[in-house]
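Sharing a structure below in C-alpha cells format, with a few things to ask.
Read from first to last, the chains carry the letters A, B, C and D; within each, the first residue is number 1.
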Amino acid sequence: MVNPVLFIVVPLGLAFAIPLLKYISKKIIRFVPALAFLFNLIFALRLIPVVMDHQVHVQIGGFIPPLGINLVAGPVGMLFVVLIALVGFLVSIYAFHPIKEKDEDRYHILYMLQLTGATGVVLTGDIFNLFVFFEILCLASYSLVAYLGNRAGIESAVKYLIQGSLGSGLILIGIGLLYGQFGTLNMADIAGRIHSVQSISVYVPLVLFITGFGVEAALFPLNAWLPDAHSSAPSTISAVLSGIAIEVGLYAVLRVVFTLFGITHMMGLFLLLGVLTLLIGELCAFSQDNIKRMLAFSSIGQIGLLVFAFSLASTLGIAGGFFQLISHTLGKALLFLAAGYMIAHTGSMEIASFQGMGKRMPFTSLAFTIGAFSMVGLPPFMGFPGKFMILKAALHDGQMLTLILLVFILIATVIEGAYFFRVVQVLYFAGEDLPDRERAPVAFSRFVPMFLFTGLIIVLGIYPSLITDLLDASALELLDRPDFIKSIIP
Amino acid sequence: MKLEILLAVVFGGSLLTYLLGKISKRARDILAILVLLAATAGIASLYGRSSTAILCTGFLDFPLVLRIHPFAWIFALTIAVVGLCAVIFSWHYIRKKGRTDFFYFMMLLVISSMIGIVLSGDFLSFYIFWEIMSWSTFLLISYNREEAIAAGMKYIVMSVAGSLVMLVGMISLYTQTGTLVFEGITRNLNSASSGYLQFILILFFVAFGIKNAIWPLHVWLPPAHSEAPSPFSSVLSGILIKIGTFGFILLIYGIVQVQVFVNLGHALFNVRNLLLLLGAVTILLPTFIALLQDDAKRLLAWSTVAQAGYMILGIAYGTSESLSGGTLHFFNHALFKSLLFMVVGAVEFRTNGVRDLNSLGGLIKKMPVTFAAGLIGVCGLIGVPLTNGFVSKWLIYHTLIVNHSPFLAFVALLGTWGTILYSYKLIHHIFLGQLPRKYEQLNAAPVSMKVPMIFLSLAVVVFGVLPGLPLHVINLSEIGFGMEPLAINMWGVVTGSGTIQMLNIATALTLGGIVLWLFFRMGRKNTRADQLDNYAAGAPVPADRYQYSVKFYDPLTSMIAPYLKDTADNFYSALARGIRNVGNGIRRIYTGDVGNYVMYIILFLAILIFIQLYWKVW
Amino acid sequence: MRKLISIILLGMVATGLFMSISQIPFGEPGERIGDHFINQGVNETGATNIVAAVVVSYRGFDTLGEVSVLFTAAMGLGAVIGLVRRKKTHTPIEPASLIVYTGCRFLFPVILLVGTYIVIHGHLTPGGGFQGGAVIASAFLLMYLGCRGKRIRENLSRGLESLGGLLFILLGVTGLVIGRDFLFSFLPEGEAGNLISAGIIPLIYMAVGLKVGSELTGIIDHLIEDTDELPE
Amino acid sequence: MNFLSEYTYYIGAFSLIIIGLYIILVKKNLMKVIIGFSIFDTGIYLFLIAVGYLREGTAPVFSKPGLDAGKMVDPVPQALVLTAIVIGVAVLALAVILAIKIYAHYGTLNLRKIKEQRW
C-alpha cells in the first residue's frame, strides 16, 4: 500500500525539479507531468480496494489529528484522486506538442501544480490545509488562463483572479470564525463540535464557505468568471478547468456542507440553486456561437445538475451525482480537447467554421460527437447511467419540490441536446460535401488522449457497474457523518 | 436462434459493415444484405416461440432481459424484412452520394436497435435501444445536408424530449413496483391507483406519441421523412414510427392490461378517450394536409401521420378486434408505405432528386415496373379489396360501427376518402399525364430497386388475399395478452355481425374482371390518337401550351386550406425562438464588468445571511 | 446607485459577520489546540519559538503548500510575462548617484547576512524562512534600485528555487523512508534553545529561506523586466 | 463603552474588510481594486490575529527562561496568518503583473472599459 501523501508529494517534487531538469535536457520536460500522473493513477487505483474497506488516515509529521495535519483517503477522496490523475495523465499527453513556442517548462510546472493543488484539496482532512491547496489550484489556474498572453486570456485571468481571490478571502474569514469558536482546524474535530454552539455563529462561516468555494464550483450567480476563463485558456487547460477545477470546488462545497456542518434542512435551497444554475447555464449555452464558450456554459449547466443530485442528500442521489461528475469530467475534457484540436486547425472558435470537419478530421469529429452524445445522456455512452441514476434518485425522493424541479431539469436537458446536436450537424452535414482527400493527419499525441477518453466513455457507459461500488461507498462516506468523525477523532 | 446471438449478429454486423466499407464498397453492400438476411432468417425461425433470455445481469443493478413472443415476433420480422428491402434498395441509390459507409452503418444500426427494442423484456434495455435508435436516426435524417439539417434538428429535439419523459415514467414505475422487467411491473401494478396509472400512461403516451406522430406531437415527421434519403424514408415511415405503435400496444395490453385501461378514470374524460380523440384528429388533419402537398415525399409523410391515426384508433379502442385491426394495419402499412417511398425514391433517383409533383408526369412509359408497384402500393393505402389495406381498415371500421362510435367511424371513413384523393394525385402526377421533354431519355429503375419493390408489391397483394397469415400471428399475441382471439381462417375473419372472406371477394372480383375484359374485348377497338391530335373548343392546342396537371384539386384545396394550418408546428417554432430569446436575454447578466460580478458574489452572500436572519433556517 | 447597493449589501454582510463574531469572546482563554502547542511544543519539537514549531512541525504540510503557492505565483508571473531571452537594454540607463550606489553595495551583504541569520534562527527567535527569505529578497531589490542595470542570473535563481523546494520534499520524504510519517522530524530534538536543535525545523527553514528568497527575487526581477518593456 | 473596548480589534478588522470590499465593488481602476484587495486581506489577517489574542499575553516564544506558558497567546492563528500573508503576496504579485499586461494590451486600467469578454 502506498502512502496517500505521495499523491501530492510526487507531482509537487517533480514540479519543483523541472527547472533543474531543464539543464539536463529541454526535451524531457514535457514527459514529466505524464510520468507524475501515471504514477498517481497506478497507485491510486491500487489503493482503491483498500479504501473501499476502510478509510486510510495519514498523519503528517507524526502528530495525531487534531494537532497535526492529517490526510483522509476515503472513497470520495480516492475517487477524486483517480479522476484527477486520469485526466491529468491524458491531458498531459495532449501537451507533448508545445502549446506555445516559449515557456514550455512553465506551462508544465503550472499544470502539475494545478493538479497537485486539486489532489491536496480532496485528500486533506484539515480545513486550513484545504484552503492552502485550494489557493495553489486557483493561482495556477489564473496563471494558466493567462498563459497564452493574448488580450482575451489576460482579461479573463484578471477577472478570474478578482473573483477567485475574493472567494478565498471569504473562506479565510470563515476559517477564522471557526477557529475562534472551536479552537481547532481539523475538519472531523470541528464537525464533532459544530452543533454545540449557537446557530448563527456557525451559519455565517457556512455561508462564507459556500460562497467562497462556490466561486470555484461555479454556482450561480458566482460563476461569471467561468465562461471567460474557459474560453480564453489553452484548450488543455480548459479541459482541466472544466473537468477538474470546478469539480474540486464542488467537492469542497460538499465536504463543507455534508461533513463539516452536517446540514440536513437547507437542502431545498440547494436544490433550487442547482436547478437555477442548470437552467441558466443551458440557456446561455443555447445562444452561443463560440464553441468554447458554449462548452463552458454547458459546464455551468452540468454543475447545476450535480448540485441538484447531491442536494437530494440520499445515497442514490449522491452516487448518481458522482457518476454524473465522472461522466462530465471525462466528457467535457474530451470535448475541449477535440474542440481545441479543431480550433487549432481552423483558427476560429465560431461553430460555423467547423463545417466539413467530419471529412477533414474524422477521428476528432467522432470523438466530439461521442462526447456530445454522452453529455446529453444518450446510451450507450457514459452520460446515460448518470442521468438515469439522478432521475431515479429524484423520483425516489418524491417530494413535491423535487418533482417540480425535475420538469425544469428535463427542459434544460432538451435545450442541452439542441445545442450539442447543432454542433454535431455542423461537423458532419453543414455546407458542401468535401472530397475525401482533404484529410488532416491526426498527431499521435492528440490521438491517444482523445481515443482513451472516448474508450472510457463507452466502456463505462456499457459497464457502469465497474464503478458503482466505489460510488456507493463514497455516498456513504458523505452521509455517514458520525462514523467519519469517529474514525478520525476517536 | 438465440436472442443474444441475434442481437450480436445485427449489432456486430453493423459495425463490421462500416469497417468493411473502408476496404471494399461492394463487399460492404453484400455484407449488409447478408446481415439482414441472417436476421430475417433468425427471427423467422423463432416463430411461435415465447421465451426470455438475460442479456446482462447487472446494468446499474438492473438485469437486462430479452424476450420473444408472437407479438414481438411479428414486429421484429416486419422490421427485418422492410429493413432488408431498404438496404437492397440502397445498393444503387446511395452509390452517387458521399459518406456511404456511414450511411450503411447507421441504417443497420437503426434496424438493429429497432429489433432490440421489440425484443427487450424490460424497460431499461427498451430505453437503451430506443435512444440508440433515436440518435442514429438523427444522423441519417441529417444525411442529405441543407434542409435536412433543420429536419434532423426538429426530430432529435422532440425525440430527446419524448425519451426523457419516458425515462421519468419508467423510473416512476420502478419506484412504484420495484422492478423494470415487464412481467414484474404487470404483477406489481395491481395495487396502483387509477390516478397514478393515468399519469404514467400520459407520460408514456407523450414519448410514444412523438415517435408515432400523434397529432400535436407529429411536427418532426413531415420534414424528416421528406428530407431523409429515400431508402431510409421507407424505413422511417414503414417501421420506425411503428415502434411508437409497438410501445402503445406493449404499454396498454402488455403492462397495464386492457381491462384496466378501458375502465380507467372518468366516464367522459379518461386517457382512452383522449387517445381516441387524438387518433381521430390525427386521421383527419394530416390526410387533408397531405392533399395540399406538392412534394411527393412530403405527401407520403403526411399520409403516414394520418395512417398512424388508424393504428391509434385500433389500439386505443381496446377490443380484440380493434387490436387485430390496429396491429394488422401496422403490418400492412409497413409494407405499402415503404413500397411507396421506394417508388418515389426510384423516381427521385432517376430524375436526379426531383420530388416536385408538378414537374413530373407521364413516367409510366419510362418506368412501368415502378408504376405498377406504385399502383399496388396506393391501392393498399386506400384499402382497395384484394390489397392488404382493405382487411385492416375493414376490421377497424367494423369495430367502430359495431361498438357504436359513429363519430370515430365517420372520421375514419372521411380519412379514407381523403386518402383516395391524395393517392390519386400522387400516382397521376408522377406516372400519368404528360411526359415532360427533359425526361424522355429516362431509364427504368435499376434492378436493385426493382427487386424490393416487386417483392413488397407481391406481399401487399398476397396478404390482401390471404389475411389469415398475419392474423394468425396476431391472434397468438392476443392470446399472450390474455384476450379473446378472433375467429379467423386463411381467407378472412368471422365475426358475429359480419364476415369477411377474401376468397369470395377475390372470386367475385375475378369474375367481374373477366366480364369487364370480355365486354371491352367485344366492344369497339381502341384507336390510338397522337397527343397533339385533339381539339379544344375546335382549335388544336399548340404543343407548348399544353396543360400539365398542376393544381389538381384546386377548388377543394383552396376551400379547405385555411383550416389546415399546422398550428402545432408554428407553436413549437415560436417556443424554440422564445427559448433562444430568453437565453439571449439571460446571458446579458454576464456583463463583462468585473465590478458587477463581484457584486453578484456579495449579493449571494448577503442573501444567504438575510435568509438566516429572516427565516432562521438553521 | 452602485455605491448605494454596495453599502446596503455590505451592511448585510457586516451584520452577519458581527453576529457571528459576537459569539467569540475576545482575549479570553479557551479550549484550543494552541494550548497544547504552548505547553508541549518545546518538548515535542525542541523549538523555543512555538510559532515556528507550529508552522514547520505541526502544520508543516501547510508550509509546503505555502511554498508551492509562492512557486506557482513565480511561475505564473514568468508565464504571463512570456519572456525567456532577456533583451539587452538598448537605452542607456541613467546610473544612480555615487552615494546611493556605494551605499547599496555596502548594505547588500549586510542585509544578506541579516536575512540568513533570521532564517537560521527561526526555531529560536521570531523569524524563520519566510521572513528571512523576504529580507534576502529585499537585498536584491535594493540592488535593483540602487545599482541599475545589474541583474541576477535568472538560471541561478531558478536553480536555487528548485533546490530549495526539492530539499523540503526530500526532508519530508525521509520521514517516510525511515518508516514514519511524511515530514517526520527524524533528527534528535536536542536541547531547546541551542542553534542546533529542534530536529529538522532549521533544515526546513533553510530550504524555505532559499526558496522564498530566490522566488521573491525572481518576482521582483520579472516585474522590473516588464516595466522596462512598457511603452512610454 | 464596554462594548467597544471588548471588540475594538474585531471592529477594526471588520471595518478594514468591509472597506476593502467596498473599494473592490465601487472603484473602476484596476490598481485601486488591487489596493482594495490588499486592505481586505489586511483586515482578515488582523481578524485572525485578534482571534488568537489573549489579554495581556506574551509572544509564544520561550526566548528566556521563566516565561509563563499560560500567559502566551495562541500560536496557531499566527502561523495561519504567516501562511495567509504569503498567499496574499503571491496573489498580489500575480494581480500586479496582470494589471501591467492589461495596460499593455488595452492602454487603460478602467475596468468598466475592459469588457471584451462578455455574454
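Here is the rule we use: a contact is a pair of C-beta atoms (placed from the backbone, for glycine too) under 8 Å apart; a residue touches a chain by one contact, two chains touch by 3 or more.
The model shown is predicted, which means the values in this text are computed figures rather than measured ones.
Asks: With contacts defined as at the top, give the pair, A-D or B-C, that has more of them.
Replies: A-D
Asks: Give the identifier of the chain nearest to the protein's overall CA centre, each chain being represented by its own CA mean.
Replies: A
Asks: Using mean CA coordinates as chain centres, what's the subunit A-subunit D distance in Å?
Replies: 29
Asks: If you average the CA atoms of subunit B and of subunit C, how many Å lie between those two points?
Replies: The answer is 73 Å.
Asks: Please compute the C-alpha centroid of subunit C, do the same for subunit D, then give the distance between them in whole Å.
Replies: It comes to 17 Å between the two C-alpha centres.
Asks: Between subunit B and subunit D, tell me the centre distance in angstrom, where each centre is the average of that chain's C-alpha atoms.
Replies: Centres of subunit B and subunit D (C-alpha means) sit 69 Å apart.
Asks: Where does subunit C touch two or more other chains at once, residue-wise?
Replies: Each of 2, 6, 9-10, 13, 16-17, 19, 21-22, 24, 32-34, 37, 59, 62, 65-66, 69, 72-73, 76-77, 80 in subunit C touches at least two other chains.
Asks: Using the touch rule from the top of the page, what residues of subunit D touch 2 or more other chains?
Replies: 17, 21, 24-26, 33, 51, 76-77, 83, 87, 90-91, 94, 98, 101, 114, 116-118
Asks: What residues in subunit A touch two or more of the other chains?
Replies: Touching at least two other chains: 128, 132, 135, 139, 142-143, 146, 149, 154, 157-159, 162, 166, 173, 179-180, 185, 200, 202-204, 207, 227.
Asks: What residues of subunit D sit close enough to touch subunit C in their complex?
Replies: 6-7, 9-10, 14, 17-18, 21-22, 25-26, 50-55, 57, 59-63, 69-70, 72, 74-79, 82-83, 86-87, 89-91, 93-94, 96-98, 100-101, 103-104
Asks: What residues on subunit D touch subunit A, complex-wise?
Replies: So the residues of subunit D touching subunit A come out as 17, 21, 24, 30, 33, 37, 40-41, 44, 47-48, 51, 76-77, 80, 83-84, 87, 90-91, 94-95, 98-99, 101-102, 105-106, 114, 116-118.
Asks: Under the stated contact criterion, what part of subunit C meets subunit D in this complex?
Replies: 2-3, 6-7, 9-10, 13-14, 17-18, 21-22, 24, 26-29, 32-35, 37-39, 41-42, 48-51, 53-55, 59, 62-63, 65-66, 69-70, 72-74, 76-77, 80-81, 124-126, 128, 130, 192-193, 212, 219, 222-223, 226-227, 229-231
Asks: How about subunit A: which of its residues touch subunit D in the complex?
Replies: Going by the criterion above, the answer is residues 128, 132, 135, 139, 142-143, 146, 149, 151-152, 154-159, 161-162, 165-166, 168-169, 172-173, 175-176, 179-180, 185, 227-228, 231-232.
Asks: Enumerate the contact residues on subunit B facing subunit A in the complex.
Replies: Its residues touching subunit A are 58-61, 98-99, 127-128, 131-132, 134-135, 138-139, 142-145, 148-149, 152-153, 156-157, 160-161, 164-165, 167-168, 171-172, 174-175, 576, 579-580, 582-584, 586-587, 589-590, 594, 596-598, 600-601, 603-605, 608-609, 611-612, 616-618.
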